[in-house]
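First chain written, first letter: the chains are A, B, C and D, and each begins at residue 1.
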Amino acid sequence: MVVVMAPNATAEDVARVVERVESAGGKANVSQGVSRTIIGLVGDIDAFHGLNLRALAGVADVHRISDPYKLVSRQHHPDRSTVWVGQGAARVPIGPATFTLLAGPCAVETPEQTLEAATMAKAAGATILRGGAFKPRTSPYAFQGLGADGLEILATVGAELGLPVVTEVVDARDADLVAEHADMLQIGTRNAQNFGLLQAAGDTGKPVLLKRGFSSTIEEWLLAAEYIAQRGNLDVVLCERGIRTFEPATRNTLDIAAVPVVQAASHLPIIVDPSHAAGRKDLVVPLSRAAIAVGADGVIVDVHPHPETALCDGPQALLGTELRALAQAARQLPPLVGRMPAAAGNVTN
Amino acid sequence: MVVVMAPNATAEDVARVVERVESAGGKANVSQGVSRTIIGLVGDIDAFHGLNLRALAGVADVHRISDPYKLVSRQHHPDRSTVWVGQGAARVPIGPATFTLLAGPCAVETPEQTLEAATMAKAAGATILRGGAFKPRTSPYAFQGLGADGLEILATVGAELGLPVVTEVVDARDADLVAEHADMLQIGTRNAQNFGLLQAAGDTGKPVLLKRGFSSTIEEWLLAAEYIAQRGNLDVVLCERGIRTFEPATRNTLDIAAVPVVQAASHLPIIVDPSHAAGRKDLVVPLSRAAIAVGADGVIVDVHPHPETALCDGPQALLGTELRALAQAARQLPPLVGRMPAAAGNVTN
Amino acid sequence: MVVVMAPNATAEDVARVVERVESAGGKANVSQGVSRTIIGLVGDIDAFHGLNLRALAGVADVHRISDPYKLVSRQHHPDRSTVWVGQGAARVPIGPATFTLLAGPCAVETPEQTLEAATMAKAAGATILRGGAFKPRTSPYAFQGLGADGLEILATVGAELGLPVVTEVVDARDADLVAEHADMLQIGTRNAQNFGLLQAAGDTGKPVLLKRGFSSTIEEWLLAAEYIAQRGNLDVVLCERGIRTFEPATRNTLDIAAVPVVQAASHLPIIVDPSHAAGRKDLVVPLSRAAIAVGADGVIVDVHPHPETALCDGPQALLGTELRALAQAARQLPPLVGRMPAAAGNVTN
Amino acid sequence: MVVVMAPNATAEDVARVVERVESAGGKANVSQGVSRTIIGLVGDIDAFHGLNLRALAGVADVHRISDPYKLVSRQHHPDRSTVWVGQGAARVPIGPATFTLLAGPCAVETPEQTLEAATMAKAAGATILRGGAFKPRTSPYAFQGLGADGLEILATVGAELGLPVVTEVVDARDADLVAEHADMLQIGTRNAQNFGLLQAAGDTGKPVLLKRGFSSTIEEWLLAAEYIAQRGNLDVVLCERGIRTFEPATRNTLDIAAVPVVQAASHLPIIVDPSHAAGRKDLVVPLSRAAIAVGADGVIVDVHPHPETALCDGPQALLGTELRALAQAARQLPPLVGRMPAAAGNVTN
């Protein structure tokens, strides 16, 4: 059983719930998140039912854990959620009413390359800047990213262009550092079940972009989101980025059906990453169109001013013509599926 | 090495090629198709090059078999093909300029059910009627279709509504019978590498709708198409219908990226079957939208007047609201990807 | 509901069952196999229960079809079966008490190559000769086998060495021809759900070696066996030969656990094909040892006197040292899992 | 390019290498491990070749990084390695000359349960005790292990029975704590690409048991091992534990061929975990026999005194009869593949 406290619940409200649970012989595990507190109850569920916890001050909701995931489920939260990224006037929504384009370089390499890529991204209508400072790489001998220096570059460029930034965190020990520089933390596909990292990201209180593990079932993915939510952080955006199958023509197989499947099961927003799914530049625009048409809440793509010299995933980065085609799709298609179009950019690359 | 004869090549033209090949010590395997003849050469390729076969009367093309597939490849046939289904005025195109909707019941059960479903299909804008008379079923105890009786029903209903019909052939021994009743033969996913059936379907000279094997790579799928083409029948339409993966939320995983991948590799038209990929009615419309947006040449869906009593795949058959949503998408989306919209139907169900 | 007639049931016995079923308003589908007849009942199951069909002359068994497969299930047939291959004194068992080695060339190429390979196979302890005359090939331009000539060669060599032969049938129209020349018919992995072929093979009355589809679940595989059994032919031997996964180091992934899983679910014998699973010669002996140790009823391997010139799958064919290692394993390991060892051969290659 | 220092290299030796690299305009990344130091060189490889680094004091080896993995490759290290687990007289080898049985409870629950399970394990011939204190669980609501308390229990029981212990570490921040209590650190399947954790485990200097990611290719798995080795820790034992496929009959598909494939590619020892691969008790003994016969250097299995009340993976834990059968296999089979048998236990459960 899980007690979800209201955002404005006080420490006294929490203590009262704990006290009542313990008085009934149960155990209460308090997860104090930045924006709200979640209390997990262990013990005799039937006894807990008699406690009428829902009536206590500061309690927003009480769930039985019969479903495998609960806080991210749409069952008790029928309206789909909107997650806001960034601060103040620059806040950008990701949710059911809009279509949001996130773009930027796979890896932050230099201030110049990052600024150039970000400018291209913005011109194409992107309202959130992506870029990797910490890169999880299959080989220890591959470029691992600029680390803290990369975070600085990304934050500076984002501020200059007025774009909130999202970047990956790969180690729980870096979560706070990344949260200081970024508006949204990304959990990558290889960390889909790195539970300590999921919890650490949740603890920062910043929105989290949770990529699907390339071999995670949708249920496992939603349970990973539940790990973040269970820390009191419900600002989670899911990202479908392809799954591992037997087909070698694409790097992974984009599971486009995952978008409506997730939207039926969870209230969390879901976006699509066609760049990493395909690993081929020529597929990014058609797959982006498919993502918008299927009803995704956004698309995240790689752009790079000089793909041929990119330190990471150059073959999939968009340029010129493709970027213009993407911008066009992002303006034309969303209204046909009941959404506001992406910001009108001005692609000149 | 493969010699593709022109459609109007004579028997003498063919004999001349064979003679010249044999005079060079080679062996010529003649596959006389209904619309054209294909001659495969075995022996010393270098010697064949000296024969200047391309200059002979009736020879349309000569290919080296360095690529795994040749006749269906786009390499030597850069323009994408259009396949025409049906006769005379009722002919319907499937190809790069149009978007074609194929719909009908998974299985032909009765004349009434078939007529009702076909009427629904036509009202939704479908211009080709699908329906199964021979059903390949995983269990020998499942409904196997009405067989020849089903073919009769389907042909009658198609004629009544003016819709060409496509139906599955599951056994090479039935190919001629099916070709007598149908405008297009379907090869199902379980027969993706039933090479005798592929050849028999090719031999009928009727257009063939070749579903992807649920575990076929795209290369294997194009090689299966090559088996049909090698019989002189280039009227092949490919159909992506989902592949087998680890994800249980959908019956199969729709490989939406296969559409642009195939279009880059082959000149053959390609359509999408969202009903069988998903196995869930609620996903059919979003996946159809994705298919149109990604650039598919058509979509094929299950409709049934009474899904709850369907003998086959009832849970995925469309009805009422969904069908209207599909009809709307089939009119609105194709123009955004440079195509003629599907026929304007009048969904009243 | 399915009625299994006894092998010695008469036409009158069958007619009596049909009559009684029809008198109750049901429909009886009679499948008259070579060795026994199977009658499938369609209609009101409750009514059939009152008919007491089990008491009629010639009826061996009556099953409800609640399980997906029935005739091959171990549920109603707890003892594991032995299938005998070949005639008279040369009959060879495949079953729970023995370990049987099947070996020979992937493809029959010439009489000399076949005799040489068969001699090697026999020397290694093989008691059944395998060899392909009809080869299903992914590409229409690959060697398709010698066809009928290959069958002749194989039968001649088998007779000369006193070895029963097994060979693949790829087309239902060839089933009788193959059955005339072979002691056992093989259904290959690509025909795992070619239901017409399964039925045609069953109809020949010869034992059938049913390879697992490279993407078939174990349940689908047993249902394919049920298609054969449902024709009155229970002499089916299953063959695990690897499944398609994401791992590229081997051609397929040998699902070694399928052996005990199948043995728990079905009474049919099961053997392992390590050559086609691995596609690499160096893995064949270790995988054969694993197959024996896990409890397989036999192993089938490729041997070729000159693998470097083989027309099919040369890289996986055993020679010399490996063959001696296999022969040794086939003698030493079976007794440790409660079986008779393979025939003592005399490997001199 | 990578410089592997000898175990007894001094700080001066390392400094000399760095100096020489930098003098040539390169960059040297020093990874100082507990048992040896690894120096990665970035820059102009051709220039480095002129430095003759291999001749410097304290340098054990110099590798070019042309292969994806280098330190764990067998290419430059043809003899297969033996990893020793534990201290002093209790040291246990895992390597090519022996067969090692590791057993214990999936999760440490209580001192009594752990002692009982360990006693069973030892009686069956196990020489290393396994047990989980930190459990990575797909759901945040599942039992997550006793944590530090579990480590204490495990260490105490191991010491009492004279068995070195291996236990999982799930978070880089816990690596030192786990290393204080355990003789070997396990990296679980969900952390196969948690690179920070791999490095942290490598840094402890304790032997590491690296489970294969359930969706890792063999190459990715060896690259994960390279992450550990690159920290100067070559005491890595690989563990095949099944991969994710489409087959639902077993929890995962044991890739038995991975054992000889890995042994051909890497010098590291490799063992098999049939319990987690199968998820079914009845398959553990046959799969263990297969693992020994295929040539695995060890097997690791779950045992539990009361599987029906186990907090984790009870359905796969061995008891009584199965444990005796496993002990017998572990004594009889290894000599047939050229190994010392597992320690003779005395199974009385």
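In this text, contacts are C-beta pairs under 8 Å (C-beta built on N, C-alpha and C of every residue); 3 or more make two chains touch, one makes a residue touch a chain.
Note that the structure is predicted; figures quoted are calculated from it, not measured.
Engineer: Which chains contact both chain A and chain B?
Structural biologist: Expected: C, D.
Engineer: In terms of CA centroid distance, which chain is the most far removed from chain A?
Structural biologist: So the farthest one, by centre of C-alpha atoms, is C.
Engineer: Determine which of the two chain pairs, B-D or A-D, is joined by the larger number of C-beta pairs in contact.
Structural biologist: A-D is joined by more C-beta pairs in contact.
Engineer: Take the average of all CA coordinates in chain C, do the same for chain D, and state the distance between these two points in whole angstrom.
Structural biologist: 40
Engineer: State, to the nearest whole Å, the distance from the C-alpha centre of chain B to the C-alpha centre of chain D.
Structural biologist: 51
Engineer: So, what's the distance in Å between the C-alpha centres of chain D and chain A?
Structural biologist: From the centre of chain A to the centre of chain D is 33 Å.
Engineer: By the touch rule stated above, which residues of chain B touch at least two different other chains?
Structural biologist: Residue numbers touching two or more other chains: 215, 244-246.
Engineer: What residues on chain B touch chain A, complex-wise?
Structural biologist: 215, 217-219, 243, 245-250, 253-261, 264, 277-278, 282-283, 286-287, 289-295, 329, 332-333, 336-337
Engineer: Once bound in the complex, which stretches of chain A touch chain C?
Structural biologist: So the residues of chain A in touch with chain C come to 244-246.
Engineer: Across the complex, what residues on chain D touch chain A?
Structural biologist: 2, 40, 65, 68-69, 136-141, 170-173, 190-197, 214-215, 220, 223, 226-227, 230, 244
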